[in-house]
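The two complexes that follow have chain A in common; it is paired with chain B in the first and with chain C in the second.
Right, the complex of A and B next:
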């Protein structure tokens, strides 16, 4: 299908229309905006994962990197590191963790699924070894970004949109993006074309790490504490967003706008179910079904469009 | 090159046991060996199920939720009619798993949804279903009959070491899978499909049948593991039963030398992978490593196993 992001776009409109009709609480635009602060963190991970999945890899360790970074930052700021330095440090640590993944995959020639499965345990394990059962308080000046806004737009939401824009430009308008699409389509061919396969793959992981750093700062700031057992399962949420947005899990296909739209879709579904007091357990089931259905409908649309293409070529051949 | 990987694993396992028992002689204490052996059956059964799926180029991430849903369903069944015979409980668990696995298989084989995506989706969906079925309530230990829990703490005694009935069931299933993988034509088809799906198709192997049956097998064995969970722990919580278990299972299979991209691997390797992970887990406790460090060591072990594997394969390629 030429425009895979159409499906989340249509679904988002349907979902918004549905909840707008059935629940008056959903019609509060201020509430809808304020609620984005929680989802911005997952959204940032999804932006990075879009690059990684397009390049034909996967990163299961994003949640663990997020936790390790947030714990380290909270700890450093508590020990008296100036805010400016610890913000910088969050970005550096996040990028470093991503780069380690990228190096293991490219230089170590290991499958990304297994490497990140291992670092998923390793990074969270490091956070647990460092923190123990305790939680680190985040000092005052770093706290409360979720409650501050710019003309009604919460800052986490603005940060999410800016990051999506920049990474979207990298993906669709810059050479790195072309490399990633090439690698995801056919790694061998990309190599023989002269694409720097290793460098591009490591870059994708490093960019994701950088976004994880931002996400960790947002999470620290919103929660006011850092613990080793936070954000469990967030990697699956992020992968759900990316894949429901039309990015092919096998690589080589996808768009940033699809990820953003699918983020909106999941966000509206979750918020709508929340304001309608749907039990958390039903919410889980519904999110799982959405993921499978959206990929399924893309497959059907794909088959439909290839059939049509075949027909037209047949006619031309005649 | 067949068999080298298994020998390497065996060496690692022996070295680990020797090192641990040298550092802490208590490691070879019967009670400690029993606790290693208690760790194994669940992992072994689920890993034997995961094995054909990974050989056929797929992956089943929903294993943990299937274990949870099956444990809860069997718990509810036993709560409703406590006199039900124990073998029936295993069959019930297997049936629950079979239905869920079949659903996975249908989505993947006929819906053409990539396995990673489909099973991540069903991982969430089945976990949600666990809460729906149990109405959020835990199955308490008072509801579980003695006849089921005794499977975990009674068994065949060899000296002071107990091979629990659970482990016995696990061994039997693993041995059956071993013979199946060596003798059954269908199992050969799975390997053929995993090494080259196109070639397998041209040879007349139906990819849909292969995939469907692999996921059904994985689901039903995970379901049996769910009943084992109930026997081993004596309670089941809809939130925590089997949570995160899928990653341990996949790690065990990967350490056991099954190629994650499909087409090669052996049940013996899977067995050794499970044994190694169980030993590591118990060794951490015995060596007095703080519980907070366990996840770190665990992750590092998997990573080191991967790196050793990649280095040895590259050496093979250059030789």
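Right, the complex of A and C next:
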């Protein structure tokens, strides 16, 4: 199938239509927009992970990097710190943490799964060692971005969309994107074709780190405090979004629009179930079913279209 | 063409699937409310996580109050007890326009901002069991377990009664730096100065670190070191259960095979479920805990009464409690829910948590 992201798109429409019909609390555009603020943070991680997974790698440390960055920013700034200093700090720390992952994988020649499994523990451990059980207050000028909006669109949502657009362009319109697809399809071949495998891989992790920096700022701003135990399990949520959006976990295949649509799908499902007070255990089950459906139907569609292609070539060969 | 039609078919299938599945769920989880008439208040209880037996009686306390006071009650917990797992749920409740949120907080401060949102919308926020320590201004009132200063005396009295107010006893605590444990033990010490307990002698305080293995070892050591030991007090669930197992194996409990001069009386604090078998076979006569159920019903009462403006929840004041009682909010806006409950053979089967 040429457009695997059609599946999350169709599912999203069905889900919205369903909850719109049954739930008056869901039927509130302002609420649906305002509620994106929590999910924008996960979405930013998913944007970065799309690059990484397409390149045949994985990053399990995104949640820990997010927490470490948000703790560092909250702890080493105060009410007097100019806001651009905090922002710069978050972006630099995030990018740095991502680059460390990239360097360990490429220069250290280690599998990304192992490296990021280790840094997942390391980054969160560092945050815990630094903070202990205490929490750091976020400086006043940094707080409350999730409550402000631009013509009804909350800023975290706008930031998410802009990031998806820019990184989408990098992935689909720029040379780095072509390299990443190449590396994900066949690393050896990419290397012999003359693709700068190491540089491209480090770039993917660094871009993800940069997005983590933005995400950390949003989280600090939203919660007003930073603690070592925040955002637990967010890496799995983000990976889930990427994979459900049609990106192949083995690499070489995927689209940014797929990730964005899948983010929308999971957002609407979670919001719809939440506002109807569906029990947590059913919520997990339903999210699981939707993921299986999404991935499975893409597989079927895929097989279906490759079959047809094969048939055509056969006819042509005759 | 085939491709498009197959996608449509799949879509239709999903719609049907979603419809039947989800409408079943909603019908079981939402109770009919009559908020449009303005008559019934909507109260939601958010435990630390779902499937946690400790919160069952707490929810039952609120549910009982809902029948008595006539409000709509729902329980909605997160799947995990992470610091921010309750945050989206609180947002959802704001959108559902509930009147009272009863919250067993997973974090003392990560929920500050969203709770402020709730309060700004006129929702009364009541914390139960776990408070927003040092961030008390983000909720209206906290309903907590029995006052620390009451636990020490109640425990000493229970043990004293069992060992006839005389003989050597020891304390098996959790960790050396547990604030709760140390506060309780300090109050026990003061209680022991009462002439009533003058013949009871505390020989040693040991720490099992809330680990079953370490607690067992400490208990065995106590029994070897102090041959005249007549009592052990363990104000922690893990320690008490471990000590009970050691006592059962050794047969030195009152009425046991090897019980010398009356045997060793063991008591302490624990949730009832894990000690049921030791109460049934006589290793433990009685033990205590605060009542989660009382916490639930008091929280429900205070929350709804404050919402309907019958009372004003202000720190350091006394307000009307349920059934003509008076309850006092301390300077942090905390109310303690009643005395310890004593569990013994006669009543333990009525509790399930």
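FYI, the second predicted complex is superposed on the first by the 313 of 318 C-alpha atoms of A that agree within 3 Å, B and C clash if a C-alpha of one lies under 4 Å from a C-alpha of the other, contacts with A are read in each partner's own complex, and residues count from 1 in each chain.
FYI, contacts are C-beta pairs under 8 Å (C-beta built on N, C-alpha and C of every residue); 3 or more make two chains touch, one makes a residue touch a chain.
Because the structure is predicted, anything quoted here is derived from the model rather than measured.
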Given the touch rule stated above, what does A:275 touch, chain B (first), chain C (second), both, or neither?
second
Touch test for A:240: chain B only (first), chain C only (second), both, or neither?
first
Looking at the overlay, what does A:126 touch: chain B (first), chain C (second), both, or neither?
first
So, A:286: does it touch chain B (first), chain C (second), both, or neither?
both
Applying the document's definition of touch, where does A:253 land relative to chain B and chain C: first, second, both, or neither?
neither
Going by the contact rule set out at the top, does A:108 touch chain B (first), chain C (second), both, or neither?
first
Chain C-contacting residues of chain A that also contact chain B
279-284, 286
Could you list, by residue number, the parts of chain A that touch chain C in their complex?
1, 6-7, 10-11, 14-15, 18, 22, 25, 28, 31, 35, 38, 135, 143-144, 222-225, 227, 229-233, 270-271, 273-284, 286, 293, 297, 301, 304-305
Can you list the chain A residues touching chain B in their complex?
58, 104, 108-111, 113-115, 117-126, 128-129, 131-133, 236, 239-240, 243, 248-250, 279-289, 291-292, 295-296, 299, 303
Of all residues in chain B, which touch chain A in the complex?
59, 107, 111-114, 116-118, 120-132, 136, 238, 247, 250-251, 254, 260-261, 290, 292-300, 302-303, 306-307, 310, 314
Residues of chain C touching chain A in their complex?
3, 6-7, 10-11, 14-15, 18-19, 21-23, 25-26, 29-30, 44, 49-51, 74, 76-80, 82-84, 87-89, 91-92, 95-97, 107-110, 112-113
